[in-house]
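Each chain carries a letter (A, B, C, D and E) given by its place in the written order, and its residues are counted from 1.
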Amino acid sequence: MSEIIDSYIPVAIFLVVALVMPPMTMFMVKQLSPRSKAAGKYTTYESGSVPTGTARIQFNVEYYLYAIAFVLFDIEVLFLYPWVTVYKGHGITSLAVVEMFAFIFILLFGYIYLWKKGALTWVK
Amino acid sequence: MTVVIPEYITPLIPWIRGIFGLVLIGIIFVGAMGAVWLERKLSADIQTRMGPCRVGKYGLLQLVADAIKLFTKEDLKPLNADSLLFNNANIFMLGSVFLMLVALPVGAVFINGVEYTLAVTQMDISVLYIEAVSALSIFGIFMVAYGSNNKYSLLGAFRNFARMVGYEVPLGITVISVAAMTGSLNIVDISTAQGLRWNIFLQPLGCFVFFVSLMADMGRLPFDQNESEEELIAGWITEYCGMRFGLGFFAEYIHMILGSFLVALLFLGGWNVPGFIANNSFFGIIAPTGFLIVKVVFVLMVIIGLRWAVPRFRIDQVVDLSWKKLLPLALLNLVWAVGLGLYLGA
Amino acid sequence: MIPLIFYLGLAALLFSIGLYGVMTHKNGIRMIMCIELMLNSANLNLVAFSSYTDTLNGQVFAIFSIALAAAEAAVGFAILMAIYRMHDKINLNELKILRW
Amino acid sequence: MLPVASLLILVPLIFAAVTFFTKTKDQAAGLAFLGSIATLGLTLYAYLNFDSSTAVMQFFESIDWIPLLGVKYSVGIDGVSLPLILLNAIVIPFLILYSWKEDRESPNRFYGLILTMQAAVIGVFVSLDFVVFYVFWELTLIPLFFMVNIWGGEKRAHASYKFFIYTHVASLVMLLGIFGLFYASWQQTGVPTFDIRTLVAQFQFLGSGLLRDAIFLSIIFGFLAKLPIFPFHSWLPDAYTEAPTAGSVLFILLKIGGYGLFRISLPMLPNTGNPELMITMLGFLGAFSILYGALVALRQKDLKRMIAYSSLSHMGYVLLGSAGLVTLSVSGAMFQQFSHGLIMSIMFMSAGAIQTSTGTRIINNLGGLAKKMPMLAVLMMLGFMASLGLPGLTGFIAEFLVLAFSYVNLPGFVLLALLSIVITAGYNLWAMQRAMFGVYSEKFGDVRDIDSLQVFSMGIIALLVLYFGLNPNPVLNMMITNSKAIVSLAAALGV
Amino acid sequence: MENLMLLAPEIVVAATGLIILFIGVFMSPRTKNILGYLATLGVLAALVLTIQSFGIEATMFSGTVSIDALSQFFKLVFLAVALIVSVASIKYNENSDHTEEFYSLVLFATLGMMVVASSNDFILLFCAFELASFATYALAGFEKQNQVSLEGAMKYFMMGAVSSALMLFGISFVYGATGTTSIPMIAENASLLAENPIGLVAVVLLIAGFGFKMALVPFHMWAPDTYQGSPSVVSSLLAAGSKKMGFVAAFRVFILALAALQPDWQLAFTILAVVTMTFGNVVAVSQTSVKRMLAYSSLAQAGYIAMAFVVMTPMALTGGIFYTLAHAFMKGGAFIAAGAVVWMITTQRTGDLQVPDHLDNFRGLGKRMPLVALCMTVFVFALAGIPLTSGFMAKFVLFSSAIQAGMTWLAVIAILNSALSLFYYARLVRYMYFLPPEGKKIGLPFPYAAALLLATAGVFAMGLWPEPFLQWAMEAAKVLI
């Protein structure tokens, strides 16, 4: 248990560095950089013309099906991680391999279904 | 000749590792600068240009000059930007690469024939961990894009998202295929176990899928649809300027270096080289690390070279590539790897 | 060792936040997020118990429940998208055809 | 020996099923008539082979149904059930004949339901297992519900619901009592059984007096509501009135409440925790129903409604006679059921005929029908006379037996009931006088007398009323045999 | 390797679902009609295999799967429902482009329910529970263009998701107190649970979690909306199948695993059962949508079944288990009949199209669709507990068990409720037979007729010859005692 804690001490150090570094840098920039005020500077860039409306609008989510598919496939990969470390040896090799192939096989059915249904085709 | 390691060091090892990590951050920053320089020079060579050559010998100090310029640029934040998201996005980008660095071994020393890894921590699941934290940067990208209230940014971020979503899955599956060979998720184990049988030879398909997915994950050309300047100005980074941009840019390059490390460690045998036997001479101690660095630089050069060899894909092509080609290939490779793993034994 | 009660307290807190969110929010996506929060607080419980009782069931359970939570969210979003396509809204207060 | 008891259920049921698929009215009625005649034949066969000198169950059959709970399909016929089966089997063919000429929609369903009803009612009479009993008991609801609801009068929906739910609740309460009885016996003996005779015999050994009272009351509640008896009668006038003629007659033939009383409640009565109280209560309810029904009938404007209330009054005799707990009073109660079925069939058929020819049932609007409808007038007169208990007709024998022999145990209540005789005579004669005699109201135009089929069917029933009024022995004998068996149980306990 | 033959029914169902999904995407909408027959065939095969395996007792996969009388019985229930639903859906899915999704979802839902029935470990139980839930969420919202269907699905999903979170949280406490997720092991360590205050928390959470699925008041909010909104065949699956899954899970979890906390959950179930049956019946009276009425009646029926937890004698459990099968036929059939009417209304374009299952649309059904009306009458009378039907036998055993256990008051409440229910059932019958029809006679499509006849056959089989079913239910109850 303590080994685990120990191995996360460096992680904590790194995390602190990552948290502190950008604000520090920006603080330095604030000290060093010149400042001037002009209204035009603060508009967002839209190819030179005056921006129309906000960018935070609802629009057609073409990626939606990909996102769903990703969530499912990525989660299913989750089951492979623990499996991959134990499938050899431990006296369960044949069962583990057969079961995981069944798992992947079922996954494949879903994959083919998605493909044929056009969920993996870019909507345009 | 044997080297004696004093007893009292043992309890201090976590702290030594932490300090080593901090040093590593510095080194990696310098490395990133080097990578930028390398890219510029290499690109110039490919296009038969000179590249940077004014500041310092071979333009080596160009980056320092750039840094100074960035520090003295005004920090601009567009109107209606969400400052909470906009200001803190860098934390995710940098945090992502720093946290990756924690688990990544950057080399190894052999003392008395025993291998000591040059890594900040020794995790059992370092591959999984690296994959997980490497995905954190997408949050930074999305925060910038949504925070800056720019339509190009938002579109870029969405594209980035669609691409990430597509390539994470084959990436994960190929990593699993590699892990299946050793039965371990510890990157050091994987690297050590390769010996002469580098994974690139055992699983060429896996290596290909992994490399392509990694490129896409890092947003390297030809997979930079999120900032394709012909369509989206600069994509998600349009409103990011000055040092903020600088930090994000840096994070990207560090990400690229770490990605190259991953390729080298997972597929190119890590610090193993055929014919090399560890000894306690000075060369023997630093040589493995050196081999690894050489491999990493080689991978970096391939990545940079590809930028000029392959034109950028359209976003739909990119997504199709991942879902319809790489994913089946990755699954195929997994089956192959499992079979091979069983054949080669535990 | 961190005492078990800390984990349980955190989990209970997250769970309560999630439950509160589900009950008070009208936005479908927020509700689904709150439900995820509830599920994850349960996962936290499971993992904490697993470590404190020195059994692995909890860890395994947590992995399964993560997968199930993902699938749940997928189904939920699919229904939500269908509603969005029809109403152009995801405010669930708008759903009031079925009344007695 | 034929398995008569089962066949009596099966034959009408099969004919009913076939009848549902017929196309025309004649086919339907013909087939139904055939079925009912077959049933009548079977009943006569049973009657001829019946030994009326013993109270033992005859034609007994028993098959395991749900062994787990000790449920058996067991049926049999004895002196309590045979007269009632006979009543059913006799009246229904003539009911079908009577209604043959009437026009109505979907006659196939109409006649199918009549036969279904017959099967269900006979099923109640022959079953010797509480579950089978309850099954048929509930099954009788459905044909009547449909009957009233499809072919009934204006307020048929209301009437059918009221009837359906009212009696269903009552049966559920009865079911509770049956459960109580079943489990108490199971606990006592360790053998689950639903056999009516076994459970009734074991009743005296079960649990505390309070438990026995509860079981008894909840079971008898179902019977009283079905009979019906004064506080539970409110479904009766509506249902009887709104039903079509055939439906009303079917209601009349629904003698399952009284049957349950004799078969189940009376043998249990002496063994309840507080028999005196029970007897007093039942006696009071009976006597009061007699009086109440008569009084209310006096006030009715609607002919059918009046007959319905008079029916309530008649049912009071059944309860009073049962509560009397003397061999002959109980036999009188049984005979009252039999006679009431015959008499009321005539009454309702007449009322139905009047309604179809004149279009109204309001007594005050009628008058002088005897001139236009002489046959009807004769038959109806006979019915009214029997109803008020004219000697020489069945009603007299039944009422006489009840009143005379209940006096032994319940003198007060008998005196109360005697009051009603005058009232009964009053309303019967008054209604007769106003409807049949007096000035003929021309607004009905040229009404036709009942057709020959109707005359025939009503006439046969009327003849039976007369016959059994003069010679009740063919059925009374077996009733007396069984009453003895029932009463001897009570006598053993000194009540 | 385990003897996979013991799991043959599950494997058949799963394989049929996958094959349908797989070949369905390669077929044109017109040829897809054959998928319905394929699904029916698969379910039928599984049903035969299940009945064949009656009497076998085994545990598999290190004790996580328990093949015993309880699981066999409930598999029978779920497969019977699946059979009725898949037969009826042949018409519902005619010329649809989504046939393969529909059938595979139905089969996966059935699979989930079947696995719940035989799971002996909380992990498997939860996974299977969710499998069935997800499939039914999708099925409830199957008519993507139909606002009502989507609304029902959304409510179902939200409530279901919250309930599974509650359940998982509760399970985590059970696991924490006992250190195991295996149901027999938890039962062995019951003392740990009883001493620990979090045991009580777990019971509360688990009752809430399972209560949602069983649709016990006050966890019923989704049920009327979902049953009304979903396609009728799906409502049939939900009411007849999915609800029973909640019951079998609750049987295993409360009676087997949490036996130590019996006083606590028994009290809770007492209140829930009484409130549920009363509420369901009272509210059903005022409904004008037939499916909604059936939904409320379904609540009431759940209240009756929950009596098994209150009385807790072998007899009561037998009755409760028997009731689930009886209710599956009655309620499943009733929803299919409502579905046939909805089909008629929508294809004829007459009557109340806004609410196609409105009571007014049932006017004169006896003339328009004689078979549907007849079967519907049988189902509602069975639900009301008229003799010779399965409903009577079920109530007979269940209610009488309350009396046996001395809980006469409970039996009285149940019986009064049962009488009350007759009111709205009789009203439906009145609409079908006694009111004039508003349209011409329609030929009934074969699938609906077949499904209705199947359900009717079930109702009568259980009503006329209950012995084998009772025997099975009793065997199943023995597992719990």
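Basically, a residue touches a chain if its C-beta (ideal position, glycine included) is under 8 Å from a C-beta of that chain, and two chains touch if they have at least 3 such contacts.
Worth saying up front: this structure is predicted, and the values here are computed from it rather than measured.
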Worksheet entry | Intersection of the contact lists for chain B and chain C | A
Fill in: Interchain contact steps from chain A to chain D (minimum; 1 if touching)
2
Discussion item. Here's a test of the contact network: exclude chain A and give the groups of chains still joined by touching.
Written reply: B | C, D, E
Worksheet item: What are the two chains with the most C-beta pairs touching?
Response: A-B
Practice prompt. Could you tell me which chain's Cα centre is nearest to the average position of every protein Cα atom shown?
Written response: E
Fill in: Chain at maximum distance from chain E, centres defined as averaged CA atoms
B
Worksheet, complete the sentence: Looking at Cα centroids only, farthest away from chain D lies chain B
Worksheet item: Taking each chain's centre as the mean position of its Cα atoms, how many Å separate chain B from chain D?
Response: 95
Worksheet entry | Distance from chain E to chain A - Cα centre to Cα centre, in angstrom | 40
Practice prompt. Provide the C-alpha centroid distance between chain D and chain E, rounded to the nearest whole angstrom.
Written response: 42
Worksheet item: At what distance in angstrom does the C-alpha mean of chain E lie from that of chain B?
Response: 53
Practice prompt. At least two other chains touched by the same residue of chain D: list those residues.
Written response: none
Discussion item. Could you pull out the residues of chain B that touch at least 2 other chains?
Written reply: none
Fill in: Set of chain E residues in contact with two or more other chains
none
Item to complete: Give every touching pair of chains, nothing left out.
Response: A-B, A-C, A-E, C-E, D-E
Item to complete: Using the touch definition up top, name the residues of chain D that touch chain E in the complex.
Response: 65-69, 131, 134-139, 141-142, 145-146, 149-150, 156-157, 160-161, 164-165, 168-169, 172-173, 175-176, 179-180, 182-183, 186
Practice prompt. Flag every residue of chain A that touches chain B in the complex, lowest number first.
Written response: 6-11, 13-15, 17-19, 21-22, 25-26, 28-30, 32-36, 41-47, 54-56, 62-63, 66-67, 69-70, 73-74, 77, 80-81, 84-89, 93, 97, 100-101, 104, 108, 111, 115, 120-122, 124
Worksheet item: Once bound in the complex, which stretches of chain C touch chain E?
Response: 8, 11, 15, 18-19, 22, 28, 31-32, 35, 38-39, 41-43, 45-46, 48-50, 52-55, 57-58, 60-61, 64-65, 68, 71-72, 75-76, 78-80, 82-83, 85-87, 92, 95, 97-98, 100
Discussion item. Give the list of chain E residues in touch with chain A in this complex.
Written reply: 1, 18, 21-22, 25-26
Item to complete: Could you pull out which chain A residues touch chain C in their complex?
Response: 1, 61, 64, 68, 71-72, 74-76, 78-79, 82
